[in-house]
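Encoded as structure tokens, the structure appears first; notes follow it.
Chain IDs A, B, C, D and E follow the sequence of writing; residue 1 opens each chain.
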Amino acid sequence: MGDRAPADGDPILRVDGVTVRFGGVVALDGVSFDLKRGEVLGLIGPNGAGKTTLFNCLSRLYTPKSGSITFEGIDILAHPAHRIARFGMGRTFQNVAAFSTLSVFDNIRIGAHSRGVSDPLSDGLRLPRCRRNEDAVFEAASDIVDILSLGSVADLPIAGLPFGVQKRVELARALAARPTLLLLDEPAAGLNHDEIGELASLIRQIRDDLGITVLLVEHHMGLVMSVSDTVVVLNFGRKIAEGAPDAVQQNPAVIEAYLGHAA
Amino acid sequence: KGQTIKIGNTMPYSGPASAYGQIGMTIGHYIEKLNADGGVKGVKFEWVSYDDGYSPPKTFEQTQRLVESDEVHFLMSSLGTPTVSAINDYTNAMEIPLLFVSSGASKWGHPETHPWTMGWQPDYVSEGRIYGRYVLSEAPGGKVGILYQNDDYGKDYVNGFKEALGDKVSMIVAEEPYEVSDPTVDSQIIKLKSAGADIFLNITTPKFAAQAIRKVAELGWKPLHLLNNVSQSVGAVLKPAGLDNSKDIVSASYAKDPTDPAMKDDETMLAMHAFLDQYYPDADRASSFTVFGYGHGLTLEHLFNQLGDDLSREAIMSAAANLDFKLGTLRPGVTIKTSETDFYPIQSMWLTRFDGNSWVAFGDVLSGAAQGS
Amino acid sequence: MDQTTSRLTPETAAASTSATRRARARRRSLGGMAATLVVLAVFVALPFLLSNFGVSTLTKVLIYSLAILGLNLLTGINGQFSLGHGAFFAIGAYTTAILMVHFGVPYPLTLPVAAVVTFAIGVAFGLPALRLENIYLALATFALAVATPQILKLSPLEAWTGGVQGLQYYAMKPKVPLGLPLSANQYMYFFVLLVCVLVYWFAHNLVTSRTGRAFMAIRDNPIAARSMGVDVSRYKATCFGISAMIAGLAGSLTAIYLPFVAPDSFTFTLSIALFVGMVVGGVGWLPGAIFGGLFVVYAPNVAQEVATKGLAGAVYGLILILLIYLAPQGIGGLVRSSLRRLRHLNDKGPASGH
Amino acid sequence: MTALLSVTGLEATYGPVKALHGIDFEVKEGGVTALLGANGAGKTTTLRAICRMVKTRGDILFDGASITRKATEDVVRLRIAHVPEGRGTFTTLSVEENLQLGAMTRPAPGIAADIERIYAYFPRLRERRAQQAGSLSGGEQQMLAIGRALMLRPRLMLLDEPSFGLAPLITQELFAILATVKREENVSMLVVEQNANLALDIADEAYLFETGRVVMSGPAETIRQDEGIRRAYLGF
Amino acid sequence: MDLFVAQVLAGIATGAIYACVALAVVMIYQAIHHLNFGQGEMAMFSTYIAWQLMQWFGAESGGTLLSLPLYILAFVLTVAISIAGGFLVERTVFAPIRNAPVLSHVAVFVALFLIFNSLAGEIWQHTIKPFPTPFGNGPLTEGGLVSRHDAGMVAVTLVVLLALALFFQFTRAGLAMRASAANPVSARLVGIRVGMMTALGWGMASGVGAIAGMLIAHKVFLEPNMMLSILLYGFAGAVLGGLTSPGGAVLGGFLVGIVENLAGTYIPVVGAELKLPIALALIVVVLVVKPTGLFGQRLVQRV
């Protein structure tokens, strides 16, 4: 893993003036920011501020009313959702979107779908090409299982696993595609303090060892502030602050809308 | 002597055509009676009748079971045009007699290609011709509207009818097909009426016949109403449709009408009722299907009375091809007659008019054979 | 494995490495292969033990199983509800019949043509189906099933389809090729068996491959699948095509085994039967197709033996309900849960003590 | 204070898998009990067991009477409200209908007023009242789940990670609301919460779970002082 | 033009049949979020019960109504029996397999279909029976194409529609039923007796089905297969209108009737032969454009 060296310079992701409306609800209102390659960007904001909506725009599940999104120099709004993974963007979901009847291992293998090449006919005939691909996926998935310590549950159906484990499988699934950009939607929800510490080091490991850029949505301030290089704050679909974690944490507008005083 | 002969049969005891099931039941009970009476010339029968749900592949499977597993001696009275079509080639290839098919399709009478298959009732094409000729003679200037079932059965009638009209086929102003899966034929009737038809040729199966008769009355439409034989059952069609609504309908008929008061003293009908009392008390006595099944039973009895000691399939087939007798359930003048080249046992019919209670024959006994043959 | 991440592990049996996982996967697939061979051996032996009629009934079982397999691929594996697979079955059958009757094509050569035709039609139907979910798709496919006989009857097509009468070509029934010491029924049986084995092999490969995982991902969570890079529309349409193709091949085999096609052979009850067979066999479990085929062919016969004629339907219905009571997930559910139980015991054996 | 809920020897199984291996704990009348523990420790299973949603052995007494033979819906009728893991939103129904459903077992009077009260707690929900609940953001749905549970006017609330997905400010407000509800309406609570600080703040007693067993228990204050707990759950 | 009007009227007349059944379909959908294939046969069975009651009461003879009060008595009794019957079927047949996958439920619907169909044939035979109408025979207006029965049927359908719409929108039981179907686990967690709600839904659906059956039987005649194809049209109508909207379902039913007749009349060559397929294809087209039907609730799916 880690075959792509982090290259500084141009942002890996540029979000420019993205607006999304649902009927009368304005979920995103002209949001713009850049994400530098090799950084962790924390995206925070009150409930309903539009964070998940932004993720859904990035992975093309929603189409913004206006604005543009450039990823690795590609105008991704011109592409359908299923092509995004191939461009190198991976994600997890806020409410765990697992393939519930399948085993953990298969969930992870599906994560590698975008890296494989096969068509139904050659798969059905089990051509040597497909067998080789299968073997490669098997190895890659096994590696990830080991990295994320999912070995003991790898053959179990994902549905009955504790929520926290499911979230970890989602992370493994996203990593299986070897993304250059990883979108994490509230990965710490449901984890206790200890586990969050591990998650923080895992995220750093993902950034530093694997060279993956991370966009992190999270309500756990300890985590956000400890791993983010930059923090962007949304409120009512609008960006209200952007900057280094410390600066954002002191920003009165952020405290007023999001953090509260007791934090 | 003392032999038991296995007879195979398929019937729609379930599914959309299950109303015909009583034909099979009647024959089965009649065979029970024959056996109880000591058989026909000492020969007893075993009636193996399977349900095919009116589905052709099922008919094939059940027939194969009858032939290859039950090893029946011959097949008799299997019902339905699409269903029996599925097995016609098979039974001929296996050289198993398939006698008295319960369907009036014209294809059961082709000894040159299918020497092991024989029909029973007048074929639908011939009956269609009878209606065509009647229209030509009765209302040569009329406008005909046709309602027909969109299958072989319906199309045979239409073809016979058109053939008889010949160059007057332009009298037909509207032809409306319906599918057995249609819930009602109301809209077809409305169209026929709107097309200005004053003659209504009603080629349907019982349920749709009843719907059509009632809808015609409901619309206040008063055409010359011709109803095909299959649907002329007083009990199963006209009563539900309303006897008043059915008044003056014209049909063609070869069998006696069980509801006809004149049949009260008819010898055959009395015998039938006695048989039903003893063996099949649940039977619907106002239904022509019961008479139909009873007629098949009598025909079987006659066939075996005619046979000698040789009960082989060939012998049975050649006996079936040499029938000539008066069957009690048939109207006067209508007989059963076959020959090596004529595999249509019943070919003549009477025109009948419904008088509000029963069918009254009029005119002469008619042959539906094609003109000049 | 480093210390930090290992803390995330739930404390169960010792974690396995890639090598042990691979070994276990191989063991399982060997087990599956052995089971398959046993079943195959039984199916090869049976025609020599059964009566002539028994052989032809078993041929029918195979044909239905094949169609059920096709349906299962679509509904069980890919999650697209179909109540109309009888339509593709019909198209396959008619393709074969028309090729044999009108073009004199030898029967084995009609199979690939039928496959291509039904695949194309399946894809064509799968495209609008992309927009329909669950019940809506069920209705659309059911509508297709209901409309099939009427379309086959269409008078403009009559020159080819034989209209309401359909096509009969008993004379073209396949003969036993020279030298084989088999009865006609046995030969037909083995021909059908060969096709079934090949298709099963194909379907099994498919399901255990990248494509198959994509199919299942779509079934479980289409949105997540899309985000993983699965082209949902393409896979769904393709799955529809393959599924229709398999059902079409089954139809094609019917038209060879029973040299007669007619619109009324393909009413919606056929589609319903296939559906019931799939449920009985086990939704999403390919070997279940055999059980489904057995059920669909034999259960009505059993019902008829048990009941008087009119009540056979009720008895069949009761048998079906009883079966669902005993095996809510079909036979496949029973087999899988007993396998799981076995494995659970196995896993517990050596590595207990936590 | 007497025990409103007392659980003894509770075992729970999912098919062949045993998730709880004999758990004992109580919730005092008007008190708050917190359950702590790592992922998969069995906290959710315990709440499900009380609501009779999993197969169990052992005894559960509510208000002195065993409820192990009751059906879920009858347990709820004893006014035990559950904020489930995963929120259990009726996604196709509107926000307001979701709230009404929370009061399904109550007589009609007072419901409208209570809905207003929930809207006052979570103004976001008022803005979204006619919207399909499935379209809400994660945090908004969490508010809805809590609001729905409050609509029952419960005697005992089972809260499975109530702060799950809530923004820090809302989380603070939520715990303030819970404290008020507890104080003013004498509602007892059983709280599963990963944010142990918050949980211990309102809790009287706490239990630490590990793989289906209670490994430590005591007054919240005592637990808070424990070195291991501090490191693993509190972070100071 | 005359023909056009005639066909539209004929379409409305048959559409009334479909609308009636579509209502029953929506009813069951709201209760179990599925379509029940056995529903048509249950309605047919109910209609036979009504017929049997009328025989015993002497309310009719050969399809002619003899006594309106006795007819109404039989009608009401039948609806009551059907509600109880639907309730019982759910309790005895479905409650035990509550947790089985939906597709297994569908297989059981098929089984119910077979059981009721075959029982009815066995008990009451297969020959068609006339069924009386309380609205009187003959056309509504002199020479008109709409019969009194058709008009009465439309009226009854609208009344049932109103009752159902009110029930679902404004009663707590209606809300509880929708909640049970949408999310049974959560419904239990708010104290709804989901089993009872489902059973009640079955009961009500079977009651509505009985009403539909008794109105339809007069038009198509009573026989075991009378609902075979009508149920499909009812499904089509309900789906076209939107399965969650009783009003939409009724409108959908009428639309199916009208479209089918117009297609049969005005589409050349294949129109008459293919009116059902054409009508169904049209519905599929509508669904492709509007996947939840004309008036169905759009579902928001979020991740």
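By definition in this document, contacts are C-beta pairs under 8 Å (C-beta built on N, C-alpha and C of every residue); 3 or more make two chains touch, one makes a residue touch a chain.
It should be emphasised that the depicted structure is a prediction, and the values quoted were computed from it without experimental measurement.
> Going by the average position of its CA atoms, which chain sits the greatest distance from chain C?
The most remote chain is D.
> Any chance you could check whether A-D or A-C wins on number of contacting C-beta pairs?
A-C
> Can you check how far apart chain B and chain E are, centre to centre, with Cα atoms defining each centre and the answer in Å?
Going by mean C-alpha positions, chain B sits 35 Å from chain E.
> Can you compute the centre-to-centre distance for chain C and chain D, using the mean CA position of each chain? Integer Å is fine.
Using C-alpha averages as centres, the distance is 47 Å.
> So what's the Cα centroid distance for chain B and chain C, whole Å?
So the centroids are 41 Å from each other.
> Where the centres are mean C-alpha positions, what is the separation of chain D from chain E, in Å?
43
> Would you mind listing the residues of chain B that make contact with two or more other chains?
In chain B, residues 14-15, 18, 21, 150, 179, 181 touch at least two other chains, as defined above.
> Mark out which residues of chain E touch at least two other chains, giving numbers and ranges.
Within chain E, residues 117-118, 121, 229, 273, 276, 301-303 contact more than one other chain.
> Scan chain D for residues touching two or more other chains and write them down.
Touching at least two other chains: 39-40, 135.
> Going by the contact rule set out above, which residues of chain E touch chain C in the complex?
29, 34-35, 37, 93, 96-97, 99-101, 103-104, 106-108, 110-115, 117-119, 121-122, 229, 232, 235-236, 239, 243, 269-270, 273-274, 276-277, 280-281, 283-285, 287-288, 291-293, 301, 303
> For chain D, which residues count as touching chain A in their complex?
14, 17, 36-40, 44, 85-86, 124, 131, 135-140, 142-143, 161, 164-173, 194, 196, 231-235
> Under the stated contact criterion, what part of chain C meets chain B in this complex?
51-54, 56-57, 60, 146, 150, 153, 164-166, 168-171, 173, 254, 258-260, 262-265, 267, 269, 304, 309-310, 312-313
> In the complex, go through chain B and note every residue touching chain E.
Residue list for chain B touching chain E: 14-16, 18-19, 21-22, 150, 176-177, 179, 181-184, 186-187, 190-191, 194, 206-207, 210-211, 218-220, 235-237, 239-242, 284, 287.
> In the complex of these two chains, what residues of chain D are touching chain E?
Listed in rising order, the residues are 51, 53, 71-73, 76-77, 82, 84, 88-93, 97, 100-102, 104-105, 108, 132, 134-135, 148, 152.
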